[in-house]
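Below, chain A partners chain B and then partners chain C, in two separate complexes.
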Partner chain A sequence: MRVRRIIAIARKEVLQVVRDPRSLMIALLLPLMQMFMLGYGVNLDVSHIPLCTVDQEGNQQSTDLLKRFSASRYFDVRAVATTLAEVTRQLDAGGCQLAVVVPRGFSRHLADEGAATVQVLVDGTDSNTATIAAGYAGAVIAGYSNQVQLDAIHRRGGQIQTLTPVSVQSRVWFNEDLESSYFIIPGVVALVMAIVGAQLTSLTIAREWERGTMEVLVSTPVTPLELMLGKLFPYFAIGLFDAAMCLALAVGWFHVPFRGTLLTLLATTSLFLMVVLCIGYYVSVSIRSQVGASQVALILTMLPTTLLSGFSFPIEQMPRFVQGVTYLVSARYYVTILKAVFLKGSSVVELAVPVACLALYAAVLVTLAARSFRKTLD
Partner chain B sequence: MFGRIAHLLMKEFLQLKRDKSARFRLLIPLVIQMLLFGYAATFEVFNVSTAILDQDHTPESRSLVAAFVHSSRFQLTTGASTHRDVERAVAASDAQVGIVIPAGFSELLRKGRSSPVQVLLDGTNSNTALIALGYVNEITGTFGQAYALDLAQRTGRALGQPLVHVDMARRYWYNPNLNSRWFFVPGVIGTLVLVTIVNLTAFAIVREREVGTLEQLLVTPIRPFEFIVGKTLPFFFVGLIQVSVVAAIGLLWFKVPFAGNPLLLVAGTCLFLLSTLSIGLLISTICTTQQQAFASNFFVLNPMFILSGFSFPISSMPQALQWITLVDPLRYFLIIVRGTFLKGVGIDVLWPPMLALAAIGFTLLTVSILRFRKALD
Partner chain C sequence: MDKPAGPPIVVDRLSKRFGSFSALDGVSFDIGRGEIMGFLGPNGAGKSTLIRILCGLLRPSSGRAIVAGIDIADDPEGVRQRIGYMSQKFSLYGDLSVVENLRFFGGIYGVPSRLLDERIRRVVEMADLQGRETALVSTLAGGWKQRLALGCAILHRPAVLFLDEPTSGVDPGSRRRFWNLIHDLSDDGVSVLVSTHYMDEAEYCMRIALIAAGRLIALGTPHDLKQQSIGGELLELECDNLGAALDLVAHVPGVKDAAVFGNALHLLVDKVDPTAAAVRARLAEHGLPSARTRQIAPSMEDMFVHLVRASRTATAGAAP
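Let's look at the complex of A and B:
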């Protein structure tokens, strides 16, 4: 192995990237775009739920109840309907996501039977938002119910103080305000690494084949290992640069807390970069067209990183066999590490298991990639 | 004119027919992605790993613990005998929720006073944590209210019956069991078709240019408009086939209901395909190599995907981004797909997104034809 030859290959690769505007765009613009799109666009926090109210009762009590909804910061009253047909239309068209119906006879039922029902109709299409919205609606109605109860008891001269005797004192760790951007953004680093790393390297060998320079390359004394190291080194540097850029944006722009150490992040990011770079290189050797290689690389890296890494969809809620599949996805370990390093401030020791898995993964892929290239032309 | 278009169509289909790997490439990734999304994309919260510490050891505390354990939302994963155990379990991610019922819990309850339960949450996944906290509140609320009423009746402090209360009857329309899959699977139809059709169209034209056959075609008497029609029409059919395949998987495999009018979905798909083909065409006029086309596609398609409301609600985005979503054809197509699949609404509700889709489609088509002509000169 000659260092001189590795440097020569690396220099050539750098020139190729610098002179190809699209590669540069992927290397520099893509991380920015991903961070901003996902940082701003991905928000699972539910507030200002568009609400439609129907007051079929129309007296003081029903007005009081509905006032609690308009006062809540979780709801925006968008429509006041008079008939159920109107409610149906609002929900059908998506103008409102939730409708509260106070039925006729509400106060009478409450006075005579001691129980009355408020109807809440929820657009369940977006099941996640629906769950959260219905929870907030339930809390508003429970609050009203308690008030009514207490009033009734006090009117009779009763002396009960509270109807919610169990109070929940919640403390949230690691993401104290339950900001969904804090949860999403650390994972974006993995997504960017996966896309940039595998995309750029998927072109390197395929390009030689397409441009007919492979013959020249094969006739040089360079060994397969030297070739791989020389080809991958520039992309490794680009990957680390992108990671630094993402970290700066995450902390400086989106104010995501970073509680771990840079060293842990650097070490684990290097491991993950090795994995994705080798995936891209392997694909590039196997598929000799640039377009084909980049498409396959995209499916192999971006898809599992988006869906199976726990980046946004929690792994523990997936069906058992899909959970099994996630163990084969390298991004799973890296996303776990990223979230822990950013939010929990975990050290390498605490992250021993995912780090070891990632290292094993990297070792296997480096071996595979190193053995994939043969100096033959067929 | 039709003769020339027909010839070009023939050539395209022949090319597609002889390209054995194309048939594989066009369908297999689609099916894999559909299955992945169907199984992996979920925001539901069940069986949250939980550590419960009961320091009170009374019938009251035990029945509250039972209420948590029997709820299907929480699953006891680690035992805890001290406060530190609970904290350690949450810190080590052995439990996402830690619940501590402190000593003296039932004594305060019996006195009719407010009695605290401590809840410790791992907020790393904010969405799961928020929903889990909602369930904690619901369970303790129900428990507390039943207890308070019972106590008031027994001690006579409520003075006379009956006690009044207001219930909530909640009904979820369109997706009664709040199945995440019903939300994601119809959406996947839109995103997959967007990605494959834009890629196919852009590559097909750029490839002709790269290989040099575009010039050959242009010396024939074919006109730019005819060329575009002949070139894109095959992909239009490919798109329709893909939608049918993916929709069939959604209906038959994932058992997502289809409540609306299939013809309406077909009409919406045609309008959406118009937009996707035009975007592909437009990209092909900007790029000279397939590699460039691939990179450009990524930069165009990724924001379209994120801003479409596919998995993240548009109403929660910052206002500026919400405005940008207005020109995203995928956004409108998703309204149509979910409207026909889940809501079963008709044209009376879906005409605005249809109209928007048509407007975007025709604008894009006009621009791309104009640009395409210029690119040829």
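Let's look at the complex of A and C:
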């Protein structure tokens, strides 16, 4: 192996990237665009649920109850309806996702029987959001219900005895505010790195075949390993730069807390970069057209990373068979590592298993990529 | 560059099959130091296949070849270090400048850094590329690109140079200039194997190998080939109705072969002296009285047409 040759190839590759607008866009613009699009687009927090209220009672008590909804940050009152037909229209049109109906006789039932009902209608199309929204509505109403009870005791001049035999004191660790973006953004970084990394290298060998430069290159003494190393180095540097950019955005723009060490981050990101760069390189060797190779590289990285890495869909919730498949997705390990490094501040030692898996993955792919290129035309 | 003891190129019964198609069939020859060997043949005859095997781009189906003193099967990388190759299709980096291309190939071939600048300067001078050092290669005209491609192929001072139809698509002036460069390299001891389908270029070669349908059908100096392989004398015949004349003269005793060349017929005859008169008489008998005949020296094209035709009728191998 001659270092001269590796440097010659790396230098040539850098010149070509700098002069090729398409490569430059993939290297610099694509990661930024994806970070913002996915960072804002993928959000599992349920808040500002569009709400429709119907007040058939129309007295102080019903107004008090509905005020609690408009004061909550989880609900936005979009419509105040007078009839149930109107509520149906709102839910059908999708203008509102949830409706609260205070029935006529609400106060009378409360006074006479000490119990009244409030109707909550939920658009269940998106079952996950619907469940959460109904839960929030229940909590708002329960809060009001408690208040009513306390007021009644007061009026009777009774002693207020707040006795709760067993109470739950839950403390949330790692993501104290339960912000979904805190665990999604690190996953977005992994997704962006996977797409960009494989895109960068998917063009590199295919370009030589397409432009006819490969014919002379294979007649020179350069070895397949030298060619691969020379071609990967510049993209590795670009990849690390992109990673730094994405991680800086995650912390500086999306305010994800970073509790780990930069060294852990650098080491694991380097491993993941090797994996995705080699995927792109392997595809580029196998498919001798730039467009074809770029498409295949996109599908090979984006689909598994989006669906099977646990970046937004929890792996534990998947069917057992699909869970098994996720072990073949390199991003699974990197997503696990990133979330842990960001939120828990885990070290390489604590992450030994995913780091080892990622290292094994990288070793296999480097070997595959190095052996894929043959210096003959037949 | 270490000097090989024997001839720089020895090709011994080399064959290449692609499936059932035989692209090369038992080709043998050798090339001396500083020799320019031209490979002439119709498209698809196997010229490019032969060059690609000798450069190590294709593996032969059978046979042996020694290039720059090294068996291509034993040490293909060693061979590659000692050869230069210019492919049929232009294959430099269009998005790199002249000097960037040279620097790249210098690095790939491991030209020592302290020598590289001087080598690049000399190649630029030799290839007449001064003033264009920083121009992007894609902006250069055909002749310039081709001289730069040659420059990139000789930067590491190879012992053997392979040129696969290097002058296709280049204007005549540039072609002449290019051949002058080839002769300079040959004077320096570089062995050159060049394929072409320009007959006039074959005259620039020291020896010519004729290839048809994967077989070597003639080998020799341009002069010898023209004289010997034709096996007779050549008569040019100008008359009105070439088609009719072709049928008529074919049956005149002493005429061995006849073919249309431009707006005349070329006849291969045993002896010009009695046959020319017999031919004119036969044409006059059949209403073509104004035929003119004269003896001509055979051209490269005559030889080529004759030999290819002879090889088609022969069933056995025609290699000399």
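By definition in this document, the second predicted complex is superposed on the first by the 335 of 378 C-alpha atoms of A that agree within 3 Å, B and C clash if a C-alpha of one lies under 4 Å from a C-alpha of the other, contacts with A are read in each partner's own complex, and residues count from 1 in each chain.
The definition used in the following text is that a contact is a pair of C-beta atoms (placed from the backbone, for glycine too) under 8 Å apart; a residue touches a chain by one contact, two chains touch by 3 or more.
These figures come from a predicted structure and were not determined experimentally.
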| item | value |
| --- | --- |
| Which superposed partner A:A8 touches (first chain B, second chain C, both, neither) | second |
| Contacts of A:D123 with chain B and chain C, given as first, second, both or neither | first |
| Which superposed partner A:R211 touches (first chain B, second chain C, both, neither) | second |
| Contact breadth on chain A, by residue count: chain C or chain B | B |
| Touched partner set for A:S219, first chain B, second chain C, both or neither | second |
| Contacting residues of chain A [partner chain C, same complex] | 2, 4-5, 7-9, 11-12, 15-16, 19-20, 211-223, 375-378 |
| Partner chain B, residues of chain A touching it in the complex | 22-23, 25-26, 29-30, 33-34, 37-38, 40-48, 50, 65, 89, 91-94, 110, 113-132, 134-135, 137-139, 141-142, 144-146, 148-149, 152-153, 156-180, 182-183, 195, 203, 290-291, 294-295, 298-299, 303, 307-308, 312-314, 316-319, 322, 339-340, 343-344, 350 |
| Contacting residues of chain C [partner chain A, same complex] | 18, 52, 55-59, 76-77, 80-81, 83, 85-87, 89-96, 100, 103-110, 113, 152-153 |
| Chain B residues within the chain A interface of the complex | 29, 33, 36-37, 39-47, 49, 64, 90-93, 108-109, 112-131, 133-134, 136-138, 140-141, 143-145, 147-149, 152, 157-176, 178-180, 182-183, 199, 203, 290-296, 298-299, 302-303, 306-307, 311-313, 315-318, 321, 335, 338-339, 342-343, 345, 349 |
